[in-house]
């Protein structure tokens, strides 16, 4: 694709795949808006006062329909926005088209080359002579780091003959790069502006991991395999928030769930819910479904997979594809890979002629086999983003925030939750002054100490 | 398509769409076999003795991958089989190809015309000079009736200028025709051979309705809308077995479920599970998801839909599309229908400009938006079929069964269940003679009286 | 106690333990009334028309607070009532006092001798010169049989030197006697009047067994042992309605539940709920709690109990105490019985010095260790009784009922349910005439065929 | 009771009610040991090395059977122990007898006067000339404060003519006193020795609150009222850990649960579980059961109670009895209090003649109407205590801990959990060195950062 910036009739820059998909994108954006009450509440509450007026915001985040609702929330609060995707495959072209036509500068399309990716990123950061963005929106802070260190990283890696591959946030090597960069930043404190990391906010971490995966695990399983979950034995490796969501979903669908854990506290939690805790070795030959949720590597190895029942399903919803020993599987002597359909493969061991079903090539199965988290869950995450931007922008002049990474303050975390209650018909109880004094919290919150576990 | 019978190199007749898909069909058949233990157990147990040797079986049932496993179970027990589909749209062409190439005469393809449909049906019934089939396999007895009354029905309807439309078992008019035929048959007793109706067996009715829908409702919802079910208010109209399965699935996914019921016993069951029972009028403006499961008509009318929240989802998993007042919706003055994607439409009311989402045009949403029941559930149904055919064929000479419709005997119903236990690792307890005598049942069952409710 | 009939100031006969407890009884009766909406609805609906006016009703049923609400429902509908208990231990003396003082003739106290029991039964049946009762209320028909055959049974057993022991409906020998009598009656058809057996009505069988035991099993366990259920392995022997209720309660409390079953259909139901089905031998040494629900005998034998973990809890909520091999336990050489508290014993095996905890000496643990079913569940059962009596009395003159045992008609079963909905805030949907015609049921019900499984 | 110290034959001091109950106490202690695997694991693991040898430990904690297992764990690790109760009513005399006879110096009996209470506390602290205890075990640190400030507090309050009333940890005034003392201590740092507050450890806070109350709420409800929970509407005020446990228990028993909340995050969590969040005003007239879990005051006021349904049940499982407006109730003009049984009262409003049922006079209903938390939950708490004492004692010489209050270190929190896994048959997975390095945790833990929410 010729890397030339195009312009709308009003002069706004963009580079997307196909502007004719803008109507379709708009239709899906309108549906998503109804499921993203936090963002819509931000518009309703703050839109009139235009609190982001004057702010130039660069975003680097999957350019999807849901992100489109985020972008238009930012613009409805007064911001100017330029956007690129943080992944060469994740752009939904109809979403990009609708935004480019109606709301903001977008430089993103599905299937970018690495060169195109970096060009898009630079365009999103290019606010013209004299300046970069005032604020940056990204996923987990990686893009912020990337932007800071982009040139340096590029230089370093060009020496090694390749660019960093942003093809996937699943990519382990690149993550390691980012971790190195992050550690470096921590050490030398070169952050160019204040940032709020929303990843540890309750309304991000708990909701994405627990409720998001409780939804998207069975969704992915059913789309990929049409397998009856009821009656099956399912092993969930790891009982953190993701594992808790997966185990809940599988039990409710009628599976007998077994958990593996390294952490005795999480193990005891599983037991208190009636879930046995065993090692993979104990159950590998009896289970029908295996799900890794650990964030660790080498959780299910090829020597485990050899012992599994015929057509056992093996999938990962944790982090990187190295939770499952895909390398060991691919290099197993005589193994046969039978592609059943997109993202679903049967690997047949030569000695037993029994096969196992691997979903999404070991990558995140809820993204690979389904549509990931639903809009409502994304609304929690994105509302965190909007509120963080609002906070940073509003407080930019008064020195409240130094050039460091902050955790979203508890009262804003609570606000994100509050903005999602109305859609679900909920009504909060209000403390009286006497009650607030009695438990020593402000009437308007925050209501819990920082270490509260929810 | 030219309606000419083709032949395999071995001389077996068939007419299908594309023989080149046979390998793909075989692959999926092999996967399904692992999930259909009842059928595979029949093969293992009875295959060696070839109990269906000599039996000519005609089948009229959706020609899917799962049906392919059924057909090959019948042939592995010694039967000769000719097959057509009972629905002009439901054939999976790769399944038909694999069967035609490897196992049985198939006359079926996706998208038959009515003329083609009847030609296929006739081919499936045509066992050459001097005879029809010895046994018939169909879904719920409709095909049996159809075959009996086919010519007569054709004649009657040709007078009215059209053939009966077997496009869908959802089609209300055709069902009425079948009901009339059935009532006629009951009256004049013209059944040409004994039949066993497996529809009321526990392993069919409870399993299809309760466990099948518990699986396929959320599957259809998620595929069609990607909606977050947690936090939503869902109304389930009807709390029979289908409603119980749907309500369970929705609650477990985190919805607040409300049931509507006409039957006070079912209503009290809902209440004992913590589910409120209200009328549709009480909740129509507060709910997010509406599911009809009643088997009745006019359950959700256009005057209800007018009052719903914007983007409320309305779908049917009960029986015919007339559970939802699609006619009222289509003829509502000024209404706008926006097709979002296949099987998902948004209907916008002119006065409010709010829209509702209708799935599968009001037809069965688990079939329209998902893949229906999973193989394991179908295995229960199909094993009923195989066992019924075995019983009829084995007893054909001794007058045990007259030319009437029988219910599957309890001991065979229990056998179907038993054949599905091994796959799930279950072990039954065996009565001692003393115990059997004490509770007055045979050691080998049946264990329950006919009226037992499970 | 001197067996002399006493009289209230109004001349009503009675024989109870302590009239001074009447006020306390009245207080508890008033509380129970609120939880027994079916009975109270009968009073509200039928009281004014006095439909039982003139009916002389004898009851033989545990003289408890809940039974008091039943008795006063009968009297409020116009009946005259005489009552005895069907168990020498089950009378609540304060309930008997309140009824005797305020409403009906009662002959019952806690701890009757057998002689006293028969005297009470005779008093309850003695309506003066020229007649017995018009109607009889009993539990499961046993009392009816007893009354019919009382003299004969007495004679037969006196020859053997003892009376039938009605000490407990748990008593196996006496049950066998009753079964013999029942079989005899079936054979020679000597029933003296029509009777309706309410035991197979849905609102009795499903509600008592499923919801009643789901409540009373954990209640009994917690009262007897204070044991943490979460985290434990619990074996439920039998997965009928009682077993389903018990398994649900234990899972919800956080136990890992395992079911044993003889019936493959019930076994498959357990599996579909995610519950493994194994034999007792498989799990006897790993489980913490064992519950028998079978209605059979010899379910847990002493050779099982020997292998159990130290302080495993063994209890029965099925039928008779012979579900657990109490005889084998008691006669085990060298075994030591340590009474911990009322209804809770630890039995220590000499060879291992490990002990097991037996609840209620193997008898029904929900009655022995708790207070049995709650009022609301009893209200369903008792409303069945009232409605059955009303039906028999109303139709007594027109020959609708012959001198046989009938099942409660479906429309009355539905009515019982309907009378319990208001208390729970439920609203039923009403069929339109068109809908009723479409599904071929009367608008007012009954809505389901007799074989419907709910 | 004459306040004279008695001595066993071996010379150990004690003062208890009745030494003849020692055998009964021993029996119950042995049962509890099986349910307290963490404590028993401490004995098995550490007993041989006698790590507490030489430590003089004073305990001030309810002298119950479960505490007896704690005391004997401390003595089995080598400690010398002197014990008093922290509540004048909470001693179980058979437990005290068994301990006094067999293991440690106990000064406690049920129903102490305040003078006796302080005498007992002094005896427990009196280790003879030259010294107090080396370590102190108490509940939540209150006793530690009390001991520090005892004399001062006594002096202050004697001026006001009364002693601090330790009758109940529920007592709000005394808690305020303790809070004042605590705040004072914080300010002037006069702690006499290091202390570890185990209250915020996961294995204490989450387990006590969530799993403990999930058990003890329905237990208390059923013991107090025998009410059928299924079908009822239950309002849970507060959705913290206690509220989550209560809501889970009530839903699982078949209630329709409604939550009230002030905190939007907790509210959103409730919604994600399918539980509506409303205000008390919205639902006060429709619900059957009300449970306060807030830790706040004035949650259910008399103006709420006036509007409740007849026989609505109102109870508190949160903190102090002032969650419910008992004062408003008691002083309501014309109100009538009817005591139904111990801890269960019906309060009848004069204008409506409807009554509500108050459990445990508004105090903690799980303690008042049931037996509180089961042994297994207490084992988690007490194992925290033992491990904290071990840590303090082992590290006493090396200056690791200053004279401050510490939180139990994460690795010890994890150890407490680990010690409870074996009893439940769980097996942990072990990290490989490579895995540990990959996620940057030690192989042996701790596995989670301090802020991890579980």
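First chain written, first letter: the chains are A, B, C and D, and each begins at residue 1.
The criterion applied here is as follows: a contact is a pair of C-beta atoms (placed from the backbone, for glycine too) under 8 Å apart; a residue touches a chain by one contact, two chains touch by 3 or more.
Small disclaimer: the values here were computed from a predicted structure and weren't measured.
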Chains touching both subunit B and subunit C, listed by label: A, D
Reference subunit C; chain at largest CA-centroid distance: A
Distance between the centres, which are taken as Cα means, of subunit D and subunit A, whole angstrom: 40
Subunit B and subunit D: spacing of chain centres that average the CA atoms, whole Å: 56
Two or more partner chains touched - positions in subunit B: 211, 230-231, 254, 268, 271-272, 276, 424-425
Subunit B residues touching subunit D - in the complex, by the definition given at the top: 230-231, 251, 254-257, 268, 271-276
Residue ranges of subunit D in contact with subunit A within the complex: 200, 202-203, 205-207, 210-211, 237, 241, 260-269, 271-272, 276-280, 282, 295-298, 413-415, 417-418, 420-421, 424-432, 434-435, 438-439, 445, 447-448, 450-451, 453-454
Subunit B residues within the subunit A interface of the complex: 27-28, 31, 34-35, 211, 214-215, 218-219, 222-223, 226-233, 249, 252-254, 286, 310-311, 338, 340, 346, 370-371, 374-377, 423-425
